[in-house]
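You will see chain A twice below: alongside chain B first, and alongside chain C after that.
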Partner chain A sequence: MHNFVQFVVGGLGFGGIYAFAALGLVLIFKTSGVVNFAFGAMATVVTMILWTLLNHAGLPFAAAWVVAMAIAMAIGAATNLALLQRLHQSSPTVQIVLTLGLLILIEGLAGVLWGYGPKSLPQPLSGTPVSIASFLITPNDLFIIGLTIVIGLVLFVVFEWTRIGLAMRAVAADREVAALMGVRTRRYVSGAWAVGTALTGVAAILVTPALSLDPTMMDQVAVFAFAAAILGGFGSLIGAVVGGFLIGVGSNLIAAYVSTNLQLTLIFVVIVVVLYLRPQGLFGVRATSRQ
Partner chain B sequence: MSEVSVSPVAGEVPRRSLRDRRTLSRILPAVVFAVVAIAFPAFEGGDAYVMFTATQALVYGLAIISLNLLIGFGGQISLGHAGLLAIGGYTGALLAIHVSGIPVPVEILAAGAVTAAVGFLLGLPTGRLRGHYLAIVTLGFGVAVPQIALNWTSLTDGRTGLTVPPPQIGNTIFPTPTELYYFSLIVLAVSLLAIFSMLASSTGRAFAAVRDSEPAAAAMGINVTATKVVLFTVSAFFAGVAGDLNAHLQGLVSPDSFPFSLSLFFFAAVVVGGLASVWGSLAGAIVLAVIEAKTSSSSGYEPVILGGAVVVLLLLLPGGLARLPATVLQAARRVGARGRGVRHAPLETP
Partner chain C sequence: MRQWVSFRAVKATVAALALAFTVAACGQSASSGGGGGGASASSSSSTGVTSTSVTFGQTVPYSGPAALYGESAAGVKAYFAMVNAQGGVHGRKLKLISLDDQYLPPVAVQQTRKLIPQEFAEVAVNGSATTKAVLGVLKPLGIPLVGPQTGATFLFQNTPSILFNVWPEYTIEGKLLGSFAQKLGLKKVGVLYQNDDFGQSLLSGVLASGLKPAKTISYDPSQTDFSPDAQQFKSAGVDGVIILAIPKPTIAFLNAMAALNFKPVRIMSQVSAIPQSFSAAPQEFPGSYVGAFIPPLQDTSNPQVAQFESAMRKYEPGAPISVFAGWGWTEAQVAVAGLKNVTGKLTRASYIKGLESISNLQTLGGTVDYAATGHVGLTKMFIVQARNGQLRPVG
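Then we have the complex of A and B:
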């Protein structure tokens, strides 16, 4: 039993990372209605930029992180304004195809610019594991878990209880009507893309010390993030956080009790089962469509 | 995309002549492709690498056409087609290794059938899903299959993979690149015949109806879920055949032969070639095989070209390469009409 709980605790750090990635995905989807399949590749580029800032510009870690976040927001907003905005009246399939094209393109560009050789980043916090009620956890994992919960709560509060959130929900519900009500829809959608890209960027930066930084690093993380978003209902910010932690813990248990190599396969089974039995996820609302 | 021929008298077959532009535009690409494909080795037959690339283009062609059945003709999305190729490849390889003297047509049909069974299972839940959910499920499938192959070492030999013997009928084997090329060409031609006749049948029209509007298709008496499952099964069958051909061409199947990027490249080739265009998909396959042969996989230029082409085409030429002649023609007509009509008005840039 002690071992089991230790494995649960050990999965929370990765859970926070998946939650961050899922938050970025869900925030963009919630506001603009687009599932951004390029989110992982965009986050990888943010991490590559951070790597360059650290290793070639010689910035300290915190400053480099701030600059990388600013660049991430610029990339997200620019992607929406230059590309998605032009197709916002096309069918969802066309928009998915565009983000898939971006996924291929951005991974390729990252390979051309930074090469395929593995790079590494340090953890935000180093240090030996501390013991909490006889369970071991690293300071870095604690940092990730705390950051995830704080950011998740902030997003939730902004989205549900502020005028900005009200406007974003209006844009999500019906972009044309929101525009007629005087909401500057383009600004809000671009804002969601900016913040969403930054959130996924955080996930990529946090996961890099555990993996090795190359252009396709986020492909596998993306599957976990999709699973987290689907588990949470694909439109719920709280759902994304809870789903992220559940997927993180679940995959750590799979690695401990089944096999490290079958993590992705079993997570795929989870996705199919959730979509089949409860398509609205844990926190989503059942929707009917007349497509 | 599919045209419905309604004849005034029941049972009367509408008469088609070669003068009919529609019939001509349907047959012409097939004739051109057949002539070029058959004559190709006579010009380039000496170079084994060229023949390998040409065969790769044929194999990718079948794979991409099978994906286009799903995307272009059926309105579904799949990001896991490399996983289906893997299943076909492993099935064919295992049969060729363990059943000595199995005729290659039997082996290919078996590879297609096993993959079709998997496609059926994949289609069952996905029959209820659409859009990004379908994309995510198929993405997960494509990532999971190589991982299963990696772990099922007793069957697949893990990361080492399986060495595939050349195709064989009776005592005749086809080991040379040119023989393999013609063999793949025959398989592709037979598959194309089957696919074209299916698309012209009621099944093909049901695919298009479901693609264009599910409620409308259901109102016409089409079983939407069953149609989607059939679509996945048929698409998987041809993907499996392509996978077996690919295994013979590469001489090896291993978990690393089917990365996620391969599924993405197939997807890009479908979009670049044009949705619901069989010949466009073949063109996309040739582009893919040539880019693959000309660029090293670790340079990054292959994804830059393919991904960039998808983005640019989507914004500028939504119909893909297959629509290029028509779009150019339209643009030319527009410019011509503009020149005749308003002579003194300044030309605005389109």
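Then we have the complex of A and C:
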């Protein structure tokens, strides 16, 4: 039993990272209707920028974070304004192909600019693992879990209970009608891209100390984040957070009790079963339409 | 209106994809002494040979997950440049065309097809799966391959006549790591291995050493979270782990062990011994024991090391003087020794004979003796330890 709980605790750190990345993905989808397949690569570039600020510009850690987040928001907004905004009336297929193209483009550019050798970043909170009720967890994992829950709740409150959130939901429901009602749609969609890119950037920065930074670092993390978003309902911010933690813990348990080689396979088997029983995901709202 | 929007959308998508592939292709061609060429597979017994030059080709990863191994090409280039400065081989200067395979077998095949109309032979092709794919192209055309950078077991079974191994078979390294764990007196040893040709070959060597692992876990190369693996080893109470993995998973696994405050003795394959491991796994990499055939590079009293380092500084001044460059250098030493042995007309058949007559050749990585061993290259490895930012002799 002790082992089982330790496996659960061990999965929460990575779960938080998947949740963060899924939050960025869902926020952009909720507002603009675009599934951004390039989100992992964009996040990697943000991390590379942070690495450069720390190692070449000599900025302190906190200042480098702030600058990297500002650049992440600029990258997100610029991607929307330069590319996606122009295609918002196109079919989802075209938009998906565009973001897939962006994924290849950004990974290639990152390789040319920063090289492919693994790089490292320090943890936001370093220190040896602490024991909570005899279960070990690192201060950094505790930081990730806490930050994920707080940011998830803040986004939920903003989206559901503020005028900004109302406007974003209106844009998501029907961009033309929202515009006619006086909502500055371009501003809100770009804002969602900016915040969404910053969130996935945070996920990449948080995962780097556990892995190693190179242009393809986020490829596999992005797959798990997609799984988290799907499990949570792909439109629900709370669903993304819960989905992230479920995927993190679930994949740990599969690795421990079944096989590490079957982690991804079994995660998707669970998702298929969940979607079969509950097509809107765990936290999604059932969509109905009149024919 | 709708049609116009769709057309614009398609145009933008095509433009984005075209740009993407252009950028991806930017990193693909890293050639020395030429490049390009068509996709034609035309090749004769003396393709790549002129009265003044011999052209070798190779595919290595300059991009993708194993891009660090691309550093090995600098070792080949430095050795070729040194030989050229001494007048070449039988009056011919050596050329190398080095193309990026991204560590992907289909890309390796595509790039090899580009090399065929220009190259005489191949040297220092990197990777197990990529070498397997490249051999499929080279074998029917009779193009020799000297020194693939892998010790996968399949290369040592029914070895084709065109293939000359330089690396020791992975089972030799596996046996060494397993024996070393026993020599250290470890009571319970765990083994983490990559679930493919590379990891399985090493594992079979570990088991052949007589070691009985307390816990064996395989992983998929794309795995990111290694905390369950670390936890399982910790729960099994192992006091040593043998890591048979490529660099990125090794770093992630070492960090996962640190997160559990779990510090067993670490023994790992030479493919993980990259300089970046010192910074990317800062708590766990130092102290690790690593298999090696390239001697510690700070030991300049070794004349092979001194020559290698001086040539690297002179001819490849921007490239790291690393174990990877040492691999390329060693393989180039063997390829050139084969050329020197050719008497009369240089054809692929005479080159293969020249290689087969290599006897007691001293290289940076050890002794190669094809005359005695067939197409088996190095057979000796030793253990080094990661200390003070370098790999140092044990002891």
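Note that the second predicted complex is superposed on the first by the 278 of 291 C-alpha atoms of A that agree within 3 Å, B and C clash if a C-alpha of one lies under 4 Å from a C-alpha of the other, contacts with A are read in each partner's own complex, and residues count from 1 in each chain.
The definition used in the following text is that contacts are C-beta pairs under 8 Å (C-beta built on N, C-alpha and C of every residue); 3 or more make two chains touch, one makes a residue touch a chain.
Everything numeric here is computed off the predicted structure, so don't read it as measured data.
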{"item": "Fit or clash - chain C, chain B, common chain A", "value": "clash"}
{"item": "First (chain B), second (chain C), both or neither touched by A:G101", "value": "both"}
{"item": "Touching partner for A:F7 - first (chain B), second (chain C), both, neither", "value": "second"}
{"item": "Which superposed partner A:L83 touches (first chain B, second chain C, both, neither)", "value": "both"}
{"item": "First, second, both or neither for A:L109, with chain B first and chain C second", "value": "both"}
{"item": "Between chain B and chain C, more extensive residue contact with chain A", "value": "C"}
{"item": "Touching partner for A:V221 - first (chain B), second (chain C), both, neither", "value": "second"}
{"item": "Contacts of A:P92 with chain B and chain C, given as first, second, both or neither", "value": "first"}
{"item": "Which superposed partner A:A210 touches (first chain B, second chain C, both, neither)", "value": "second"}
{"item": "Partner chain(s) touched by A:L59 [first = chain B, second = chain C, both, neither]", "value": "neither"}
{"item": "Which of chain B and chain C A:N252 touches, first, second, both or neither", "value": "second"}
{"item": "Intersection of chain A interface sets (partners chain B, chain C)", "value": "83, 86-87, 94, 97-98, 101-105, 107-109, 111-112, 116, 215-216, 219-220, 259, 261, 264"}
{"item": "Residues of chain B touching chain A in the complex", "value": "75, 77, 79, 125, 128-133, 135-137, 139-141, 143-144, 147-148, 150-151, 213-215, 260-261, 264-265, 267-268, 271, 298-311, 314-315, 318"}
{"item": "Touch list for chain C against partner chain A, complex", "value": "5-6, 8-10, 12-13, 16-17, 19-21, 23-24, 26-27, 61-65, 67-68, 70, 195, 217-220, 222-225, 227-229, 231-232, 235, 247-248, 251-252, 255-256, 259-261, 274, 276, 279-280, 282"}
{"item": "Interface residues, chain A side, partner chain B - complex", "value": "35, 37, 83, 86-87, 92-94, 96-98, 100-112, 116, 215-216, 219-220, 223, 226-227, 230, 259, 261-262, 264-265, 267-268, 271-272, 275-276, 279, 290-291"}
{"item": "Complex contact set, residues of chain A against chain C", "value": "3, 6-7, 10-11, 13-14, 83, 86-87, 89-91, 94, 97-98, 101-105, 107-109, 111-112, 115-120, 128-129, 136, 138, 141, 207, 209-212, 214-216, 219-221, 224, 248, 251-253, 255-256, 259-261, 263-264"}
